[in-house]
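Should a chain be cited, it is by its letter among A, B, C, D and E, assigned in written order, with residues numbered from 1 in that chain.
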Amino acid sequence: ADIIVVAHGQANDPFWSVVKNGVQKAGEDTGANVEFRSPETFDMVQMSQLIDAAVNQEPDGLVVSIPDGDALGPSIERAVAAGIPVISMNSGSDVAADLGVLLHVGQSEYDAGVAAGQKLAEMGGTKGICVNQEVGNVALDLRCEGFTEGFGQEVTVIPTQNDPTEVESKVRAALESDPDVDTVLGLGASLVGEPAVAAVKALGRDDVLIASFDLSAGFLQAVADGDAAFAIDQKQFLQGYLPVAFLALNAEYGLMPGGNVPSGPNLVTQDSAAQVIDLSAQGIR
Amino acid sequence: MAAETEAHVDERIRAESVTTKLMKRPELGAIGGVILVTLFFLITADSAMFTLSGIMNFMTPAAQLGILGIAAAMLMIGGEFDLSIGSMVAFAGMVFGVFTVNMGLPLIVAIPLTMLFAALIGAVNGSIVLKTGLPSFIVTLAGLFILRGAALVGLKIFTGGSTQLRGVRDAVEGDWLAPIFSGEAFGGLFAWLADAGLIETFKNGTPKVPGIPVEILWFIALALVATYVLLRTPAGNWIFATGGDSNAATNSGVPVRRVKISLFMLTACAAALVAIITVIDAGSTDARRGFMKEFEAIITAVIGGCLLTGGYGSAIGAFFGAIIFGMVTIGLTYTDFDQDWFQIFLGGMLLLAVVFNNVIRKRVTGER
Amino acid sequence: MTADSTFHQGETAKGAKPIIHMEGIKKHFGNVIALNGVTFDVTPGECHCLLGDNGAGKSTFIKTMSGVHKPTAGQIFFEGKPLSFDSPREAMEAGIATVFQDLAMIPLMSVTRNFFMGREPTKGRGLAKRFDIDKANEITMEEMRRMGINLRAPDQAVGTLSGGERQTVAIARAVYFGAKVLILDEPTSALGVRQTSNVLSTIDRVRKQGVGVVFISHNVRHALAVGDRFTVLNRGQTLGTAVRGEIDAAELQDLMAGGQEMAQLEGSLGGTI
Amino acid sequence: MAAETEAHVDERIRAESVTTKLMKRPELGAIGGVILVTLFFLITADSAMFTLSGIMNFMTPAAQLGILGIAAAMLMIGGEFDLSIGSMVAFAGMVFGVFTVNMGLPLIVAIPLTMLFAALIGAVNGSIVLKTGLPSFIVTLAGLFILRGAALVGLKIFTGGSTQLRGVRDAVEGDWLAPIFSGEAFGGLFAWLADAGLIETFKNGTPKVPGIPVEILWFIALALVATYVLLRTPAGNWIFATGGDSNAATNSGVPVRRVKISLFMLTACAAALVAIITVIDAGSTDARRGFMKEFEAIITAVIGGCLLTGGYGSAIGAFFGAIIFGMVTIGLTYTDFDQDWFQIFLGGMLLLAVVFNNVIRKRVTGER
Amino acid sequence: MTADSTFHQGETAKGAKPIIHMEGIKKHFGNVIALNGVTFDVTPGECHCLLGDNGAGKSTFIKTMSGVHKPTAGQIFFEGKPLSFDSPREAMEAGIATVFQDLAMIPLMSVTRNFFMGREPTKGRGLAKRFDIDKANEITMEEMRRMGINLRAPDQAVGTLSGGERQTVAIARAVYFGAKVLILDEPTSALGVRQTSNVLSTIDRVRKQGVGVVFISHNVRHALAVGDRFTVLNRGQTLGTAVRGEIDAAELQDLMAGGQEMAQLEGSLGGTI
C-alpha cells in the first residue's frame, strides 16, 4: 500500500522527527510504502499544496495534521472526494469529522495546556511564564492559552526565536525582572526546556517550577535529577505509527477503528523520567 | 558642418546566430534552468507530477511566490531591497480579514482599501530610505519586524486573543469579485473538456483539475506587464538607470525619487495581492503567513538573473526563477527521496539550475 | 600672478543679456572649501570658456549651475530671475544640458537607453504609450555618426565602449537636448583628433544657433579656437575674465597654471601644451 | 626634473574638531546607537538589566551573534555574502559532536579538525563563486540548504534516529582545552571580588556572576584582531579594494581570488567557533542550531555601517551592531511592555538606532 | 590612407633588444573583433607612442600587454622568452606598471590606500608585520607634489578628488612602481597645463633611467614632444611604425584620424589639434 503523511512540522524539528520515526516503523512493520512530507516552515498555504500534490498521486491512504481547518479544508475535502481514506493526527480533532476524515490520533493542544496548568498550580506555582518559540503557530498559541486557563493565575507569554542561547537569556531576564515568577512552561523540550533549566540554575534559584511540552533526553535528565517538574508527553510516535498502521490494514483488509484515538497527554515526572531517557535518545519518545 | 563618418557595414563584427542573440537576453537566461529541472523530474519523479493536475499543483506555489518575485525583481533592478514583503503578506492578510469578516465590507471596497494600506506602507518605506539615505536593507528589515508584530497584535485585537482569523470564505461567499481573486478560472471549459474525456476525471466524473487557479493567471499577467514596462516604456528605462547608478541617473534627469517610491509601493501591493488571494483561498489568515517569503522572493529574482547591486535583471527571469523554485520544492515530494534529504536536494538543484543557466549562456554567447 | 589690463572681474560680453548669471557662488564640502565666491555668466550665442588648474573648482562650479549641488552661498539668476534648481531634472527642463566630467552614464545600459535616459521619445497614447525604441536607435546612430563615431550597434552596453566612444555619446546627447545652455566639462579629453575637431565645430554650430555654451578645457588651443570669453578659476576663486582677441595663448596658459612655474620641456611644444 | 608644488598649509581647508575627526570613522558611527539603546532601557527596563549579571546575560547572545557578525562584516567589505553560516553552525556542531562523543577524540584534535572541515567548506563556497562568476548570494544560499540538510542526515546517522546528539559535556569533561571554549573565565577573580563584597553574591557566598562567559572574550578579541587586520595590514587594504571594485583591484595587482577565498574560510570558521562554544556549553547539539543566524549576522554588519555593495564598513561597527541587536532582543523582556509588541519594538528600536547613528554622524561631520 | 616611405611594419628601434615584444595579437569580445593582428615592441630607455582613432583598440592592446586580457591569438615575449601573464599581478611582478584609461582606483578608499593598493609597505616582522601608514602617507604626498598636485590630506577619498587629481594619483603610482616598463593610457587627458608638463617631463626622466615607456595619446603635440617611435593603430590593425624625426605633426595627425576627412575649423588651431 502507498501511504503519504503530510505534517506541518519540519523533519529537523526534534518533535516531528519522532513522528517521522513512527511513520517509518509502521511502514517497515506493515510493509507499506510510506512517505513523510512537510513544508519548509509553518506555512498553511504551502501545506495545502503539499496535500494536493499527495492527492495527485492517488495513494491508498493519507495522513495529515490539521492546525488550520479553514486553510487545509478544501485540500482535505478534495482528497476525500477523490476516494482516498484520510486520517488526521496531532492537531485538528475539532474539525476532522466535518472534513470527512475517518478518525483522529492525537491530543488536544488546548487540553494538554490546561492539564499542565492545573498540575503546576497544584504543585504551588503562583505566577507563570509561557515561553513560545514560534509565536503565530496556532498549535503553540493554543498550548499557552490552555496553560493560562488551567493555571488560573497570572501568565505572561514570552516570545523567542529558535535559538537556545537567546531563550536562556530571555528566561533569565524574565525571572530577574520579576522575582515573583515561579513557574516556567516551555513549548519545546530541547529548545526551551533545557535552556530554561540552565537559566534557573545560573540564577541560583531552586523555587522555580519548570515544565515543558514534548520530550528531549536532556530535559528528561533534568526531570529525573529533580531540576525540572515534568514533561508533557503526547507520545507522538503513536501519532506517526497508528494512522499508517490503520491505513495499511484498511488497504489490505478494509479494517478501521471506529473512533478517535487519544495519544496523550501524559505527564512524565521524576519517577518515570529515567526509563524514558533512552527511548528519547533513540527518537522514539 | 561636422564631417560625418559614412555609415557602412563594419568589418570588425562577426556574424551572430539567432540562438546567440536570443541567449544574450537576460529574459531567456533562466529558461535553461527550467529545462534542466524538468528533465530531472521527468526521470526521477512520479509521473503524476506532469499530469495536468500535477502541473497546476506546482504552478500554484510558484505563482504565489512569483508575484512577489517579479515585484522584488523590479525593485532590485531599481537598486533597492524590500525585506518587509513577507510580513506584509501577514499584515495585509490581517487587514483584509478585518475588512471582510469584522467589518463585513464587500470586496469591491475591501480590496482597494487593503491595497491602499499596503501602498501607503510601501511609500513610507521608500520615503524613509530616501530621506535618511540608509540602505533599504536595514529600513525594510525594521519593516519586517514591525509589520509581523503588527499582524500579531492586530489579529489578537480583532479576534479577541487568537492569532488566527477565520471565516473569510464565508464572508466573501457570493461576492461577484471573488472569482477574480480566488478559486479556479475557466471552470466551464474544464468541465467540458472532462465531459469530452480530454482531461482526467475523478471516479465521480468531475474533472481532476476544476480550472486554472487564478493566481497563475495573475502571475502570468504580472510577468507580461512587468516585462513590457521594463523594456518598452520610459519608466522601464528609468528603473534600469536608477539601479545602475542613481547619481548618474539623477544627473541625467531621471526622477529617481519618484521611481524608487513607486517601486516600494509596487512590492507592497504585490504582497497585498498575494495576501488577498491566499486569504480568500484558505478562508483564514494567521500571524505567520508569508514567513520568509521576502528571502524566497529575492532568491527567485536572483535565480532569474537579477544582480544584487541593481541595474540588471528581468521580470521574465524572475518568472522562470519562481517556476524553478516551485518545481524543486514541490517536485521533490513526487520523488522517492527521503524527506530528510529534502534540503540537500533543494540546495543542490538550485545551484545546478543556476550554474547551468550560466554555462549555457556563456557557451552560446562566447562571453569572457 | 599675472594681472594685466585685458583682465576684468566678471565683465559681461558686449552688454548682451545673460541667460544664466551666477553671483558670488561658494561651495563647501564638510571642511573642504571648493568654491569661495565665483561670479560667472553666459549669454546666448557665445562660448564662454572656464579654465583653471586641476582642483580649481571648475566641475564643482558647473555642477551648481546644472542643479547637482546646492551652493553654500551665492545666487543664481536664470534669464534675469533669481532661481535655484532643486534637481538636475529642473535645470534640464529649463533648457540646460550638461556633459559632466564623469559623463553620467550607466555602464550596463545600451547606448540608446543612455542617450535618451530621462527624456525618452514615446509613441502611442494612453496606456499604449511606449518608448519608441526604433526611432531612438535611429537618432542615436545618426547623432553619433555626426560626431565621427560609427557605432557597431545601438544596443551595445556603454560599459564596453572605448573611452572616446563613451565620451562622444555624452556629448551627442547634450547637444541633441541642449536648448538654451550647453555645458561641456572637458568634453574632448578622451577624443581622437577627428572627433575633437567635430566637437569643436559642433560648438561653433550650436553657438551660431543662439545657444550659450560653457566650455571647460585644459587645452589652451582648443579654448582659443572656439572661445569668445575666457574666465580663469584658481583655488576656488575667479582670477578674471578676458575677451577673445585681447589675450594670447601664452598669457592664458600662465593664468591657467595658477601662476606657478612650469617644468621646462624641449622646445617641441612651442610654448603651449 | 618636474617643478614641484611647494608644500604649504592649504587655505581651502577649514579647521576640524577632534569629535568631527572621530565621528568620521565608520568604526565609531555605531556607538551612537548603543548609547541611545542603553538610555532607552535605563529608563524603561527593570534595574536588573544593568546589574553585572544582567549585562552578562544580554552580552552572551550578543557575543555569539557578534562573532558571526564580525566575520560577515569582513566578507561584506570584501564584496560577498555568506548565507550558509547559520547552517554551518548546525553542521559544524554535528561534526564536533561526532568527533567528541562518537569518536571520543580529545579537544586538541577535535577542534582543529572541526575548523578544518569548516574552512574546507568555506573554500569550496569561495571557489564556486569565483569559478562560476555567480553571485555569492545564490551560491551560499545553496550552501544554506545543503548544510542544514547534511546536519540533519548526519545527526540521524550518528545518533541512530534522533535529531539531537547528547553527551558532549561528559565527553569533554576534564579536557584541559575545555575552559578556553566554554564556561566562564576569571572565576578566581570573581570569587575574590565576591569575597571582598565588590560584586553581588548568592546567600551561600558564591558570586552571582561566576566569571565572564568565554564567548564574550572571544567576541572582543575577534573585534580587535579584525579591526587591526582591516586598518593596519596589507590584507585589510586588499579586502577594502576587493570589495570596492574587484576589477580595479585585480588590475592594480591585488590577489582578489586569494582574498575572497580566505574570507569565505573565515566566515565558515567563525561559524564553527560559535558551534563549538555553544555545543560544549549546552552539552548537546541539534539540527536546528543557528537557524536564521546568517540573516542576523548580515543585519549586525549593516547596523554597524557596512554597505551591502561592499568596500565600506568596519569590524568595530559590527561589534556595536551585535551589542545593539542583543540588547534590544533581550532587553524588552526586562520591560513592562506587552510581549506581543516585541517585534514592533525590535523593528522600531533597530531603525531608531541606525537613524540616530546616521543623524549624529551627519550633524557632526557636516556631510551633504 | 597615407603610406609614405618613413613608415615600416613593426620595425624595432635601432636594433636594441626589446623588453617586451607582442606578435600578431588578436582579441575578440564575443562577436566584436577589437584587435586583428597587432605587432609591437618596446625597448629599454625609449618612449614608444601608440596612437590611433577612438575605438582603434589601443586600450584593449595595452590591457593584453599588462595581463588584464588574454589574447585570442598571438604571442607575447618578455625579455626574449615567450610568456603569458595570467593576471595583472604577474605582469606587475615582472616590472610592468600601467595607468589604465579608467585609472583602476577605488573611489571609497583614501588616496594613500589606492596608491599602495596591492603593494603595501610594511614594518615590523612576523605577526607584528603591518601596513606602514605613516611612510605610505609621506610617500604619497611627496609623489603627488612632484606631479604638481598639493593634496589637502592623504586620507581624502579618491571619489571626492577632481578628475585631474585622480588621474595624477594613478600616474604617480605607476611611475613609483614602474620598474622596467611603464604603460600610460592617455595619462594627460584630464590634466591641467602644469600637471601635463610635469607628466611629460617625468616620462623623459624615467626613460633616461632605462625604463621602456608606452605612451598613448590623442594629442599629436604631446606625442611628438616625448616619443621616440610612433605606432598607429586603425580599426584593430597596425598602420605602421615611424621613428622620431622621420615624420611631422601633420602627417601623424592624418594617420591618427584613420585616413578620414576632418572637419574644417578656423585657422587658429594651425593644423594640429
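Heads up, the rule we're going with is that contacts are C-beta pairs under 8 Å (C-beta built on N, C-alpha and C of every residue); 3 or more make two chains touch, one makes a residue touch a chain.
Keep in mind the model is a prediction, meaning the values are calculated, not measured.
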item: Steps needed, at minimum, to go from chain A to chain E via contacts; value: 2
item: Dominant interface by contact count, named by its two chains; value: C-E
item: Chain located farthest away, centre of chain C as origin (C-alpha); value: A
item: Distance from chain E to chain C - Cα centre to Cα centre, in angstrom; value: 27
item: Centroid distance [mean C-alpha coordinates] between chain E and chain D, Å; value: 44
item: Distance from chain D to chain C - Cα centre to Cα centre, in angstrom; value: 49
item: Per-residue overlap in chain A, given as positions that touch at least 2 other chains; value: 11, 135
item: Set of chain D residues in contact with two or more other chains; value: 1-3, 5, 12-13, 148, 152, 156, 340, 342-343
item: Multi-chain contact sites of chain E, meaning residues that touch two or more partners; value: 32, 102, 148-149, 152, 194, 197-198, 201, 260, 262-263
item: Touch-based graph of the chains, sorted into line, ring, star, complete or other; value: other
item: Those chain pairs that satisfy the touch definition; value: A-B, A-D, B-C, B-D, B-E, C-D, C-E, D-E
item: Residues of chain C that touch chain E when the two form their complex; value: 29, 32, 52-56, 59, 101-102, 148-149, 152, 160-165, 168, 186, 189-198, 200-201, 204, 218-222, 224-225, 253, 256-258, 260, 262-266, 268-270, 272-273
item: Contact footprint of chain B on chain E as seen in their complex; value: 28, 30-34, 36, 235-236, 260-263
item: Contact set on chain A toward chain D in their complex; value: 11-14, 17, 21, 135, 156-159, 161-166, 168-170, 172-174, 176-178, 190-191, 194-195, 198, 203-204, 216-218, 280-284
item: Contacting residues of chain B [partner chain C, same complex]; value: 1-8, 10, 12-13, 228, 232-234, 236-238, 240-241, 244-245, 247-255, 311-312
item: Residues of chain E defined as touching chain D within the complex; value: 66, 68, 87-89, 92-93, 98, 100, 102-109, 113-114, 116-120, 122, 129-131, 133, 141, 145-150, 152-153, 194, 197-198, 201-202, 205
